[in-house]
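Each of the two complexes below includes subunit A, the first together with subunit B, the second together with subunit C.
Our next item is the complex of A and B:
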């Protein structure tokens, strides 16, 4: 896969390689001297500058190019609604995003390389990581700040990432097939909402707030954790019967659990029943979401590399052998499942506080299809894969929105073709080495 | 609950259970033979109901031309047979498109393609035929008989009777014919058995085709009992039948049918005793309990090391 530096491989080997390798090959051959010396830090810095430029001149430029406003998703949505505007949108993307990023990244490359090197040499890895994440967040925030649509889009992407990752723990790393994630999400959403509404909001049903509402945003993480714990307790109901043996029982029991949760919530009149539960304060703003997503990524990444994470992979590959090697298989599976359910619950809590309204119908079979599609599209056993899957499917759903009904024909067909071409998903069983990613690039 | 209402509920439960049973048979066969979840099966049920609708409407229109005298019962029989025949090809198509290319890779991937094919079938139906609900033509006038205090309708009797007949026919097919033997052999080991000259692809297609034919029968019966069709009718009933199929035990035809009827009984009686909104909670809790103590279902083998995702 890796093309050796300096020597160009013969063309017939390239023809057999994947698209990614081809792109990589041409990228190296043509622009090697220019672009390969920009470290990740430089790219992020360039992107940040591009967003600053968009903030400053985006709207007038878009008007000048004949666009109705700043294109929502890099002009991708305009492609299907107003095809005549494609050249303008492309010009906008080129002028505002691509060119500034490239120019700034290239110009700042020497400085960025030095900074990246210093960060890695002088400080522990996490300092460098936090600097990168901070830059990434700033870029994202400036991009999302343009309009509410982008903000909501980013929020949904981050919720999907948490959800996909946590399901990947069960379906990918552990090799079971769980269908109950919408149920856990519902438990987390309702649990967190009840806490926040009961404690901080003057609600018709729950009465006056028990605590001063000013404290709310600070105690909001506790509410989310409460929701996550509720989901984990719910997961116990699934885990106890289904992890006594291996097999497809989890699929059935978790499916039954999902229906039970949905139906139970529909019957609880105090929480609105089928009409839904509203009045949640919209505290899940972009920084909160980003921090939670980062914590989730960090914890799940560490979980998969921990002893229990390795035990989990051993259980997936051969449960009997793992048991013979003193892995407590049942405990491993239970812990993993509860951990995954916790994060699904947190995702649900965030979801409730983004929209400010939830109803049990949201957490049904369609949500299940969506999450499963994200996991298997992105790739099993891979954090990068899960992120790819979540972002990819959300982006696809937004871009194809103008197709309306036909969206739900095009997307499944795309997914079927993809599953047949790559049955384990786009990026499966691989992980990006973070340290390599943050390294300075030498020319 | 008086005895009369009890028997009334039993009758209703038998009717509801026969839908579940017929759909569960398709899930159970695919699961038994190929060890795959066919998540598109609920939507094949929907497609079957629509095919039944078009066939019967066409036959009714043809009969009204007056060229050949077609009595209503003959239309019904022809509808059932034709729709089963046509829907079996839908099932084989699903197998060819979504399952055959993925044979040998992760089982979960095939489950995802099944799920996606289901969505395509639903949305395709909605896009092709519009959101208007279709009314299934009434082929048999519903006649009520009073058996003491219990009201029995001829359609209910017919649905339950035909469902049991189809279940038994399938059971006999699997037990007695060469094809059935091949299916059972495949269920036993689908790695070695193809080496013995049993055509894996043909058997897989047959399994899907048979299951889909039964789903089509269930669809027509559903159309007779509740004559409104919509593109999303297959989702909920399909997932419930899936639960029933697993409850019956892997690859057990009679087990799946039994679990389907049991699910019907649980749902009807829960709705009769408790408020009907609690139906799903209690029904699934009972299933959860049963699976806790009998995780491999009624007639399944306890644990197989071959079960891998």
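Our next item is the complex of A and C:
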């Protein structure tokens, strides 16, 4: 067999390259031989071990490294406030998170592969999924358990994920442009809050609770669903006039709707008007939030993979062709919009019961730009993209918080750069196959 | 009873009369052609019958039922499906998704199935997936099922449209210039596909075509229109020798 020119053996090529290339080659080779054989399950329990270590020795270790306490967000927040502490924070992250995760995951890789294989072979897919989700939740819970700041951060991330994903259905999958998500969120937040306060809380406005408060946490899901349904009714008001035709109508009508909802609430004195509405019981704890987020992800995943859901994409790409291929385009648009609004409402309800206080000012243009940025940063038409966008932007906003006002110069510039480089977002039009993700890896 | 009957159909775009007193009767199993110069109103007639436009006047009966006033998806679900002259594919979707989506009206699992993934949904989706693969094999593109349509060659995209139209289980298939822009090789293959579709699925086909070879070879009856009006109807031989058709469309010089 003849050897073609230009295909020199890899070792020779590497020898000629710089030190950096050598390091990179070494890293890739190491990854291939060592890390690529770790299944998701291995990574998850590796991370779980790291969290256990943090629980046990995190505080003394942080003190020993000269840090004022356990770094809140992997030391990312220290970068801008106290640059001198960056090496200590990096050492903490390395010692507590990176090394334990890598070591445990690598050492247990054969075992993890066997378990992952058994889970997939012996049980239906959902069993394996539940096991992975459980491990992931445990990791997250232990991480968030360290302090209240992390708890709140995780709660906001999960709310953002629900919001972003539901908005992506309308703006990404269906290709319309909706601006009323904060309005739906407000409807859901107020709807759910009124239900819980009226039924379970001794409040100045509504008086004594109608039901024993002990029942509250069990009926809380119903209150959230009630809030979601209220948001869906609001969506109907937007959808009926705007889905007669395609085009910019929805953007304008939905933007108007958002302002209407906001000023409506500001003028309803019974719910506190512009001062806000408080006394919500804080029932949206981490496990509750996680379960709701998982249900949201699961339902949207199901929907986007069904023929009825894929009709959204057909409507987006060519509505006339969709109609000619028996797709009821109006129904598709209505269902998608109402479904998205329902989840925005649920997110609003959760938000109200995380903080225990809401005011109409929260659900304005600021919130809208935040959610839109998350959708377009993460990527259109992709569940993974939406999760990336929600987590990414939330993280970015926390990291840049020390910049105060300048944060609102830096973040938009980043978004503009992103829009130029990747117009559809970081991870667009890509779906992850859950089964492939949970597969054992072969060395 | 004719499968499709169009009586006195007239359509105006503002002040422009695009179609005037158009009549059509298609019997089951026929393969008919529609020819005419550019701008004569051929595609408009297709759009009127399939519900993309509403006719200003006239009656359209399919299996004896009136179609005027129905939405295009309702007409398609009743059994008239079509392809488009300029390809109208969904640019972000795979070939398999195209074909499966045309089975939208045959899906019965409803929203509960879509949201929660019920057993009925898995059965129906598997069924339509199998049918989609069969259709893709039939038009000869089974090997590209998982690819996004935008990356495929033109001839293949045409066949995707064809398979997609067939997936809705039509009784009557409208083909709008099925061989437009094809090279001679693709042309012969497409004609073969059209014949196969008709023979194996027993479909009635109505097609618009500019290439005389295709129309004359395939069709049993041909209509010719000019300025929105029917000027001739008959077998290929009759059309070829009709002086009005020669005058308006074929030209005095040599024809095919």
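Here, the second predicted complex is superposed on the first by the 415 of 443 C-alpha atoms of A that agree within 3 Å, B and C clash if a C-alpha of one lies under 4 Å from a C-alpha of the other, contacts with A are read in each partner's own complex, and residues count from 1 in each chain.
In this section, a contact is a pair of C-beta atoms (placed from the backbone, for glycine too) under 8 Å apart; a residue touches a chain by one contact, two chains touch by 3 or more.
Quantities reported herein were computed from a predicted structural model and do not represent experimental measurements.
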> Which partner does A:397 contact after superposing on A: first (subunit B), second (subunit C), both, neither?
Replying inline: neither
> In the superposed arrangement, which partner chain does A:120 touch: subunit B (first), subunit C (second), both, or neither?
Replying inline: neither
>> I'd like to know which partner A:309 touches here: subunit B for first, subunit C for second, both or neither.
In response: second
>> By the touch definition at the top of the document, which applies to A:320: first (subunit B), second (subunit C), both, or neither?
In response: both
>> Just checking: does A:419 make contact with subunit B only, subunit C only, both, or neither of them? Give me first, second, both or neither.
In response: first
>> Touch test for A:294: subunit B only (first), subunit C only (second), both, or neither?
In response: neither
>> Let me test your reading of the model: by the given contact rule, A:80 touches which partner, first (subunit B), second (subunit C), both or neither?
In response: neither
> Which parts of subunit A are in contact with subunit B and also with subunit C?
Replying inline: 320
> If you look only at subunit B, which of its residues touch subunit A in the complex?
Replying inline: 31, 37, 97-98, 101-102, 105-109, 111-113, 115-117, 119-120, 122-124, 126-127, 235-236, 239, 242-243, 246-247, 275, 277-281, 284-285, 287-288, 291-292, 295-296, 302-305, 307-309
> Quick one: in the complex, what on subunit A touches subunit B?
Replying inline: 171, 175-177, 237, 240-242, 244-249, 251-253, 255-257, 259-260, 262-264, 266-267, 320, 365, 369, 372-373, 376, 380, 405-406, 408-409, 412-413, 415-416, 419-420, 423-424
> Which subunit C residues qualify as touching subunit A in the complex?
Replying inline: 50-52, 71-73, 76-77, 81-82, 84, 88-93, 97, 100-105, 107, 109-111, 113-117, 121, 125, 128, 164-165, 168
>> For a test of understanding, state which residues of subunit A touch subunit C in their complex under the given definition.
In response: 299, 302-303, 306-311, 313-314, 316-318, 320-329, 335, 339, 381, 429
